[in-house]
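You will see subunit A twice below: alongside subunit B first, and alongside subunit C after that.
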Partner chain A sequence: MAPSRPKPGSGRSRLTPPRAEPSPVKPERDPFQDPIALAVVDVVAERGYRAATVAEIIERAGVSREEFDGRFADKEDCVLRSFDAFAADWEWRVNNAYSGQPDWRSGLRAAAYEVADWMSANPNLVRFGMVDILEAENEMVRVRREQALSYGGKLIDRGREAAPDPAAVPEAAAMMAVGSIVQLLTHRLQSGTDPDPVEMVQPMMYQAVRPYLGEEIAREELEMTRPERQAAIDGDKGVSNDET
Partner chain B sequence: MAQLPQSLSKAPVGRTRLSREALTEHQRERLLTTATEVFAKRGFTATTVDNIVAAANIGVGSFYAHFDGKAECLLAVCERISGEVHAQIAASVPAGADWADQALAGLHAFLSFVAAEPLSARVVLIEAQTGGPEALARYGEVLEELAAFLRAGRAAAKLDPEPPPSFEEAAASGLAWLLQGRLVRGEVDDVNSLFEEMAEVALEPYLGAKQTKARIRAFAPDAASG
Partner chain C sequence: MSKPEQGAGDEPAGLQRLPPGRHGLPREFVTKNQRDRLAAAIISCVAERGYHESTITQIAAAAGLSRRTFYGYFKSKEECFFDAYQLIGDHLAEVLEEAAEGKKAFPAKVRAQLEALLETFAANPDLVRFSLIAPATAGGEFLERYRAFLERLVAIVSEGHPKTRVSPERTEATAMAAAGGLAALLVSKVRAGEGEALPELLPDLTELLLAPYVGRKRAAAEAQK
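Here is the complex of A and B:
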């Protein structure tokens, strides 16, 4: 028997406006302007996590050993802090994309495309954050990776407020959706298959929406196009999209 | 012809060979057990062959008599763990169980394995991902095996319309992620508490929320394992 999940009444009218999680703030130090953060990503991508050395990182960054030592205890510390800085930037961008839309579903879709664009523009960074740092000796790096990648789960779980029957939504629905995305991307990167993050948005949106709004509405996501982008990710709210 | 007393007779050739084989097998098993622990505690990339032989208290030469290097050793470790998991799952599924009960019994057996053998679980679910192409491929096969099982739920539930083709691949990945999170955070003592959550997300797409909850409530693992 096919699962039946009640449809949310007239549909979109019951969708609550998206509410941002405790808002991520714009990182004080933009990691994309930080030569050391950029260098560690590139050196690790080129040489591999284990082979990358502090000497190579400071040479690539064009900074002195003193400057490096003044900011970081060692390579692992540099990796952890750089990862945190990029993760904070990522969370801030995703949250902005989400908040600029009128409802949960379109907010999630906008966030998904923001993530996909960010990933397409920064392939070394994606590889660094998803694959390379799995080799870190410091277990805290893995813990932070898991926390950062789980951030999207908080936005996905806002779907509970939009669900016609919140009690029917499995507890682990959001983490399951995030895990699907992270694991698929990680595995494809590790297997040498270059994933196209933008192509993955529609099936992943189906996966994320389905537990909350049911099969029929989730299926619409397989056809949904990119929402109109905001003019800038600075809180500009003047956005319309295909659902407004 | 009179026979010599047994204590003075030469042992049959086959027997000696068997004994040597048994010794070799015993040494290999000891290596695999030790390597599991070392890989789990140090991480695959930080582990050296020296770490393994020191922990197993054998010579480097003996290690290389069994494996080409640590990547091949990891692969053998993964194969052994995978065999144990399969055996436990097979033993847990009652004869004649339908798809949903197979899923519940299998999930319960797997989580029990993770709770009892957290180091082994860590090796196959986390370290295998950094263990080189073959270990990674093996990890991918495990996920595909899980996805194939879930896919069988389509026919069992007669889903119409069916989910997109990538649905089960993504679902299997999501289930693995839920467990990896626990392992990374070291929260494995109560990993059995994940049973309901994982069963819910695995079965709900095929059975619907109401029937899934009813099946989970009715599931009795002791009866399943016979």
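Here is the complex of A and C:
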């Protein structure tokens, strides 16, 4: 009755052209080139949202109070807009990595490694975006954070098209997978040692793939290595902050 | 500074204030009653305003008690929060254990426990706001309590699980990850104002939580029962 399962290890669960949605655009202002955005992440990650002050942020950023006031209404506004810029960068990178692969599973894996690299290079950003920012108790911040997470959820839910029986995949699968991944990351953050996000890719992929392709195939993800980067395939056209 | 105990604000639902004056009730009863009222009060305050925006004055008022009485029980708002968190954990543990009674097969046990959990949260969505949302916004020690809270519930639900081919550490991580996924779903429903519809998640959750232990087919069969 059910369609035959894809061959384990084939790398392609089905010939599903991966489609990222919605297509994010590169942020107009690169947050990694913005001293205030970088400073707010560091100060909040080190001191906590409530203890962080505008004075500390501008001192760390090496900018004047006038410049800060010219761009932001207050600390909360600065946190929200900086987070928004980093979230947009995250979505853009994820989309690029995902779209450069031939099928859902390898697209998702490429995206996961891209995100992991991004996180490894910016450990304070992980803490800022995953944990600290929630202390703001700001509805707009919370909604933006959920949007960024649900973008990942939409990519995960592309697995429905790759599933042997798409209708049989529970509706809640993607949200459950995203929640599981967030739990894995925050668990590692809380355990005192900063997580190495690259090490987390395999268990995260296991969580994401399991509801769609089943336990056997998901377990393969615990052993799968990083797919070749699109940069190498296309002659170094990979994602970089310096690109336009 | 302190208000008379009968002059307080809204009373948490289901909790009766003691009669004013000398009521002649045993001290243990008074203590338990007041402590329960403070727990109910902090749950409703935090659920409504968030942890940081809730004040001891508001919590005491919602319990129908004075600030002085509050400080007779707790040194701080944080201590009161953790006391209520412990009570919720105890209550949910009891709910899960009761639901498991008489269920010999693991899939049936998990389904019954999920059903009981969803019904409990649906009857009082403030419990979701307090125990699953507030700790993330409070940070620090609250996140550790949150993890311990989930671990406790996970241990009860996964008790008696069949052996999987995945290593014990991986199984434990999977169970915690699943708990995180479950929490995310509950939070999302409650935030959307659909707390009373939580029991609708039962089939999906049953299948998603059981699949790693018993396979998708059996999990799906249990979910459809």
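One rule holds in what follows: the second predicted complex is superposed on the first by the 214 of 244 C-alpha atoms of A that agree within 3 Å, B and C clash if a C-alpha of one lies under 4 Å from a C-alpha of the other, contacts with A are read in each partner's own complex, and residues count from 1 in each chain.
One rule holds in what follows: a residue touches a chain if its C-beta (ideal position, glycine included) is under 8 Å from a C-beta of that chain, and two chains touch if they have at least 3 such contacts.
Since we're looking at a predicted model, the values are computed, not measured.
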Room on subunit A for both subunit B and subunit C (clash or fit): clash
Touching partner for A:E139 - first (subunit B), second (subunit C), both, neither: first
Partner chain(s) touched by A:A177 [first = subunit B, second = subunit C, both, neither]: both
Contacts of A:W90 with subunit B and subunit C, given as first, second, both or neither: neither
Touched partner set for A:Q207, first subunit B, second subunit C, both or neither: both
Which of subunit B and subunit C A:Y151 touches, first, second, both or neither: neither
Footprint overlap on subunit A, where subunit B in one structure and subunit C in the other make contact: 49-50, 134-135, 137, 168, 170-173, 175-184, 186-187, 190, 203, 206-207, 210-211, 215, 219, 222
Partner subunit A, residues of subunit C touching it in the complex: 50-53, 136-140, 143-144, 147, 150, 165-166, 170, 173-174, 176-185, 188, 201, 203-205, 207-208, 211-212, 215-216, 220, 223
Of subunit B, residues touching subunit A in the complex: 43, 45-46, 126, 129-130, 136-137, 139-140, 143, 157-161, 163-164, 166-167, 169-171, 173-178, 180-181, 184-185, 194, 196-198, 200-201, 204-211
Contact set on subunit A toward subunit C in their complex: 48-50, 131-132, 134-137, 168, 170-173, 175-184, 186-187, 190, 203, 206-207, 210-211, 214-215, 219, 222
Partner subunit B, residues of subunit A touching it in the complex: 1-5, 49-50, 134-135, 137, 139, 142-143, 146, 150, 165, 168, 170-173, 175-184, 186-187, 190-191, 203-204, 206-207, 210-211, 215, 219, 222
